[in-house]
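Below is a structure I'd like to ask you about.
Just so it is clear, A, B, C and D label the chains in written order, and each chain counts residues from 1 on its own.
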C-alpha cells in the first residue's frame, strides 16, 4: 500500500438510507449519463453492468417486525484503495484534487485484479462488447467515452461533470480553488454546480453530494460528528468518501462485519484529520 | 541443462558461418528500407479537405480573430470547428467578386472555393465534413478553457525564458500551441492512420506530459495543488 | 533462412513493430463497431413526461440537437427529481418496440406498412362505416387529446369513450356519488400527518415526484450527536402507510401497518368509527346512516377483517387526531381496481378529521376544463367503466389511444378474446404493445417529447395544474399525434370540431387557464390554480359503502393476492425500458421465471420454502413463479410485481415472468358502476 | 545400405542408442492430442472473437478456473527452478538425471500458463502495457516481469537440449551454442531461482495484499504479506514431486525405466523437507488468520466457510490429508522408499497445493465481503476447461516429442540396458 493522499477538496456523498425507497431512478440515471449499454436479460446480477447498485437490506426479523432498507452503492472512492494499488498498468489511481478514483479504460488490460480486490463489488468487467439497440447510440452523451469488451469500469462520481463545472468557472475568469473564510482551500464550484447524476435524479434527496472538507457543504454537515453516519466496511481502513446515514441501528450495523458481542461502531475518523 | 558430452569437430564451423553474413545483411537492409520508407506511407492515408479553405484569407485579408470562428460556449466548452450556421453568417452568398479575365490563379481558386462552399453546403444546409488535423480521441477530455486561462496566467508574466512575452494579438496566444495556419494558404492533407483512425498530428501522451509532468509544475501554488496536474483523470474521460 | 533472420533483425530497428504495437493498442481503444462520442453544443428544453403517468416535469439535454438525457426540474409544482421511468424517456425514443410507420393487417395475418395518407383514408372509411358503433379507449387521462376523442365520438354519434382504469377514475366516481362537482386534490405539501392506505405514495400513486419531494422536505436527514448534544429532529410530517406489502413507500414510512390486500376501505371505515367515537362529526345529510354503518366496524372487527394490529392502528388514529393538518389517502396498492367505495370512505375520514379544503387536507378542485365545444368532461368519461363494458359490448370499430387493455385489464386473455370479436381495431400507439399487436391498423404516434401535448391536473396533485409539453425533438419515425390525425379525419368527414390542430386547442386551453401564453407554458412554466369548490350537498352514502365494502370472499386455504407496482418496470404502454431491467434486484427474476413473495409463516403454513417453484391459480388462469421468502408481506398473502409477462414490445420486456393481471377478474362494485379487482384470492401450489 | 523395416522411419532422429515406438503408433498418439488441442483452440477463438463473456466468469468471480490453473501450474512447474537451484548452485550432482525433465516440464508449465493468461486478460493486445506503464506497487507487475523473464530463461535452458538432438547437434553452430550455453547454465539457474522466487512469492502476495478480502488478506514482513513466502515454499515443496510424477507417468507410458528410483526418492526427500518447512509456516499463518485477521475483520472462523462447496473439508484436506500426511511419508525413509507410497505422497502434495491455490482464488471471491450479501458459487464451463486441457495436451505433445527425439534422460540407456 502506498501512502494515503489527502486533498484539500474531497468529493463525497452522504446517502440517507432512511430516505431511499429503492425505486432505482438513480441506477437508470447513472446508466444514461455514463453511456452504459442496456441488457435484454439482466437477471444474472453478476453479469449486469451497473456502476451504481441498490442493495436490499433486511433487519432479519420475521413479519410483522420486519424492516427493509435500500442501500445505493456507487464506487466508494476510497482514500486507501484496495483496487488502485494492485492495478499493474496504472489504469486506476487516486491522484487528483477532489480524491476521485479514476478509471482509464483505454489503459486497462482487463486482468480483473482490481475486481478481486474491491470488497464493494464496485467494479465491472465488459464481458462482451456493448451493444445498443439500433439508433439508441444517438442518445449517448459526449461526456464519457465508450468502453469495448475486455476492460473494467466503475463509477467515477460523474467526473466529467466536475471537469465541466471547472470550465464554467474558468470561462468566467473565476479561480477554481479559493481560500475560504475558514482559512482553508475549497473549490469555488458552487454546491449545486457539480452534482452526480444519481444524486440529481433522486426525488427523495437520499443522495447528498459535495465536498467532505468544506464546512459550508451539506454533505460535510451531515457526516461530521453525526452518530448516525457510517461507512461500509469501515474497519478495513479504506477510508471511503461515501457515507451512509440512518437512525436505525440495525442498518448501521449492516455496514460492517461485527462479532456477536461487539457494539456497533461509532463513526470513527469521520473526516480526515489533516487538511 | 545437462550436457551430453560428445563434442565433435568444433573447428570446422567458422568458415561456414562467415558466408552467412551476406544474406543476413541483405535481409536487414531490405527490412530497414521497408520499415523506414515504405511502411509509414502504407500506414497513413492522405485525406484532402472537401474544398479549398484558407485561414490566411480570413485572418489577413478579412482580419478575423481566431475566436470569431473558434469560440468558447457559455458552458465553458470549446466549439472547435465552426458549424455551418456560423460560416453562413458571412457566407450566405458568395462574397468574393467574380474574377475577371485578368485575375490571378489564386483569385480564381478562392472564388471557386467559396462558390463550391456556398452552393454545395450553405444553400443546401449541409454541414461541411471538415477533416480535422487535431481531433481529440474520445478518451480525452481536453479543456481549452483550462489551457487558455491557466497556462498563460504564469507564462505571460513569469521570469525567464519560459515567458511567452506580452502577445500583440489574441491570435498569438493560440499560436503558442497551434501552427500558424494563417500563413498557410495551402491545405495540407490530413493524414489518417489506417489502424487507429487518428491523424498523424494527433498528440501522443508524452507530448501532453511535457507540460503536465514537467517538474517545474510540481510546485505548490499556495493553494495546496500543483499547477499542472498529471493525474489520469485530468485529461481522460 | 539467413535472409529471414537478417530481415527480422533489421525490422526490429525500424518503427514497424513498435509503431504497430502501439497502434494496435490504440485500435483496441476505438473499435469501429463500438459507437463513438458525438460532440456538439448542449442545449436544454423543458417537457413533461407523457410516458410516466405520474406527470414528471423534465429538462431534456440535447447535444447538437440530439436528446441525450432527461434531467429533473426543481422549480415546478410537480418537480424535484425523476422517476425510474421518466429518466429513461430519451432512450425510449430508440426502443426496439417502437412502431415506426403505419401498419395495416394483411390477409395473411401479418402487417403491411403504408403511409399516413393511406392510413388516414382507411381510418376515415372505417369511422364512417362504423359511425356510432365506434368505441374509443384512452390511456392518457391528463391530455386534451381526450377532448378530441370525445368530441369526435359525439360527432359520429357515439358516447363510448373510455379511460383505462385508474385511481383518478375511482376518485372521480367517488366524488360524483357523494354529490360533489369536484376533483379530489391532496395538499400533501402542508400536511403534517399523512396516512396512506394502499396508496403507494412514493412509487406509483399520483404525482410521484412531487410526493417524494414533499417527503424529502418534511423529513430532515437523521443527524444525531451525543458529543454535541444534538438529538435527531422529528420529521415535520409523519408518513404512515397501511398496505399488504412492505413496498417502496412502506420502506420509509413510520409506521407500516400491514393489512390484507383489498381491505383498504374497511380500514378507513374502522378509522372513521374511531374518530366518531372521539366525537368527530361530518356536516352531511346522511351522517347518521354513516355513523350507524361505521359503528359496525369496531376495532376488533376491523382487526379481524383487515388484519391490522389494533394497537398500531390506535397510535396512528391518535397521531391523526393530534396533527394540525392530517390527511388520509386511500388507493390501490397497484394503482387500479380499488373501486369508488374506498375513496368515499377515505373522504368520510378526511371529513371527520375536518380537513376538507383546509391547508394540508383533502382539496376539492374545480372540475377539469374543456375548451372544445363538443368535448365531454373528464368526469363524464371517468363515469364509464371499461372493464365491465369490454366483455359485453360489441362495437364495430375500436380506437385505442395509448391504451393497452390486452395487457393492463384484469383477465387479459378474455380481453384479447373480446377484442378479436371486434371487426376492426385501430391503435394509436408509440410502441407495439400487446393490444397494438392485435389491432388491424396501427398508427404510430410520437413520444411525449416528440409531440406537442399538455397535462391537466394529473390525479394526486394538490391543486389544479396545467402544463404544456412542446415537441423538443424532431421525430425520426413517421409519426403523428392522435389528436391531429383525428382532427384531420374529422375535417375530411366534414365535421367541425372547432380546432384544426391540438396545438390550437392547447392554446385555447392555456388562455382559458389564466390567460397564459403558449410559449411561456412551453418553456416549462406550470399554471397553478388553488381555487376550491365547497362540499355543498355532501352525502356520505352509507347505502353504497355498506354494500360495496365487504371483505373479499376467499376459500379457506387460498391466499390473498397482493399485486404491487414499480414505476421502474414501466407501464402497460411502455413495457420495461431498456435500462430498467437492470434495476431488478438479485432474486427478482430467475432467468425468465418471476419471483413472488410470501412471509416465512405463510410459506411454512403452505409447506413451501424459499426457491420453490409455484403455481398461482385463480380458478380461471394460472401463472408459474418462484417463491422468494420475504418478511415484508402480510400473512396469508402472496405478493406479485406488476409489469412482467409482456408478449409484445421488445426483448427488454419479453421473456420475463408472467402478467399478474391474468389472475384477476373484474367484479362489479355494488352501487358505483365501477369494477373492482383488488381483492383477488389465489390457490398456491408447488409446481 | 539395407533398410531395416522394423525400425521406425524417424529412427535417425532418436537419441543415441534409444529405442522408440513405431511412427504409426506415435502418430496416433499425436493425433489424439491434436484433437484436444483443437477443442482448446476453438474455445480460444470464441474468447477472442466474442469476449470472455462466453465463460462462466462474472463480476463476482473475475478470477476463476484459469487463474487457479495458472497458479497451480506455475507452482507445480517450480521443479525447474528449484531443481536447477539445487543442481547448479548447491551442486547436488545426482539431480543431473532429472534436471532435463524438470526444465522441460517447467517450460511447459510456464508457457502453458502464459497462454491461459493471454486468454484471461480482456485486452491481450495491450498486455505490453504491463512493462511500459508498469505500476511498481502492484504485485501483479512483479509477476508479469518475473514470469516473462523466467520464461525466457526457461527457453534458454531448453535450447541446448533441443540442439543436442542427434541430427541438429551435427550442425557446428548449434553444437557450439548448446555447448556454450551449458557452460553458463549455473548463471541461468541462478537467475531462474531469483526470478522464480520473486514471482512465486508475488503470486502469493497478490492475494495477501487484498486487504478488502479477509479470506485472503495476510499480514506480512515489510511489503510482503506472508502468502508471499508461503507460495515460494509451497512451490518448492510441490514442484519437485510433480517432476517425479511426470517422469513416472512417462515411464508408465513408454514402459521403460527413465529415472532411477533413488533419484526419485531423493527428490521426495527434498520435497518432504520443503513441505515440512512450508507446513510449519502455513499452520502459523492459518493460526494468525483465525486468531487475528478474522476477529479484526469482525468475522468468526465459521463465517469463512459455506455449505459443502466451500466447506471446512477443503481446509482439512489441504492442511492434513494433503499436507501433513505426504510430509510424513516423504520424510520417513522407509515410507518414501516404497514407490507406491512415494507416488501417493507426491499426488497428495500436489493436490494440497492445488487446493490452496483454488481456495485462495475462488473462495476468497465467493465469500460475501459485504455483510448484507450472500455467498456466491462458481463453476467453470467448457470454454474454461477446454484451454486447460489444451495445455495438458500441449504438455503431452512437448514431452512426447522431447522424449522421442531429445536426450532427456541420461540414465535411460543404462537403466534399460
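One rule holds in what follows: a residue touches a chain if its C-beta (ideal position, glycine included) is under 8 Å from a C-beta of that chain, and two chains touch if they have at least 3 such contacts.
All of these numbers come straight from a predicted model, not from anything done at the bench.
When each chain is reduced to the average of its Cα atoms, D sits farthest from subunit A. Relative to the centroid of every protein C-alpha atom shown, the closest chain centre, again from C-alpha atoms, is found for A. Simply put, of A-D and A-B, more C-beta pairs touch at A-D. One finds 40 Å separating the Cα centroids of subunit A and subunit D. One finds 37 Å separating the Cα centroids of subunit A and subunit B. With centres taken as mean Cα positions, subunit C sits 31 Å from subunit A. Between the CA-based centres of subunit B and subunit C the separation comes to 54 Å, rounded to the whole angstrom. Looking at subunit C, residues 24, 27-29, 36-37, 39 sit in touch with two or more other chains.
Taken residue by residue, subunit B touches two or more other chains at 75, 77, 137-139, whereas all remaining positions touch fewer.
Chain contacts: subunit D has residues 123, 126, 129 touching two or more partner chains. On the side of subunit B, the complex with subunit A involves touching residues 72, 74-77, 137-139, 141, 143, 145-146, 148-150, 223-225, 229-234, 236-237. The part of subunit C that touches subunit D in the complex is made up of residues 21, 24-25, 27-28. Within the complex formed with subunit B, the residues of subunit A that make contact are 7-8, 90-93, 95-97, 100, 102, 104-107, 143-146, 156, 159-160, 163-164, 166-171, 173, 177-179, 185.
Interface of subunit D with subunit A (complex): residues 50-53, 57-63, 120-124, 126-127, 129-130, 133-135, 137-141, 143-144, 206, 209-214, 295-300, 303, 364-365, 369-373, 376.
Residue ranges of subunit C in contact with subunit A, taken from their complex: 28-29, 31, 33-40, 61, 63, 66-72, 80-84, 87-88, 90-91, 93-96, 202-203, 208-209, 212-213, 215-216, 219, 221-228, 232, 246, 248-252, 258, 309, 476, 566-568, 577-586, 588-592, 599-601, 631-635, 650-652, 655-656.
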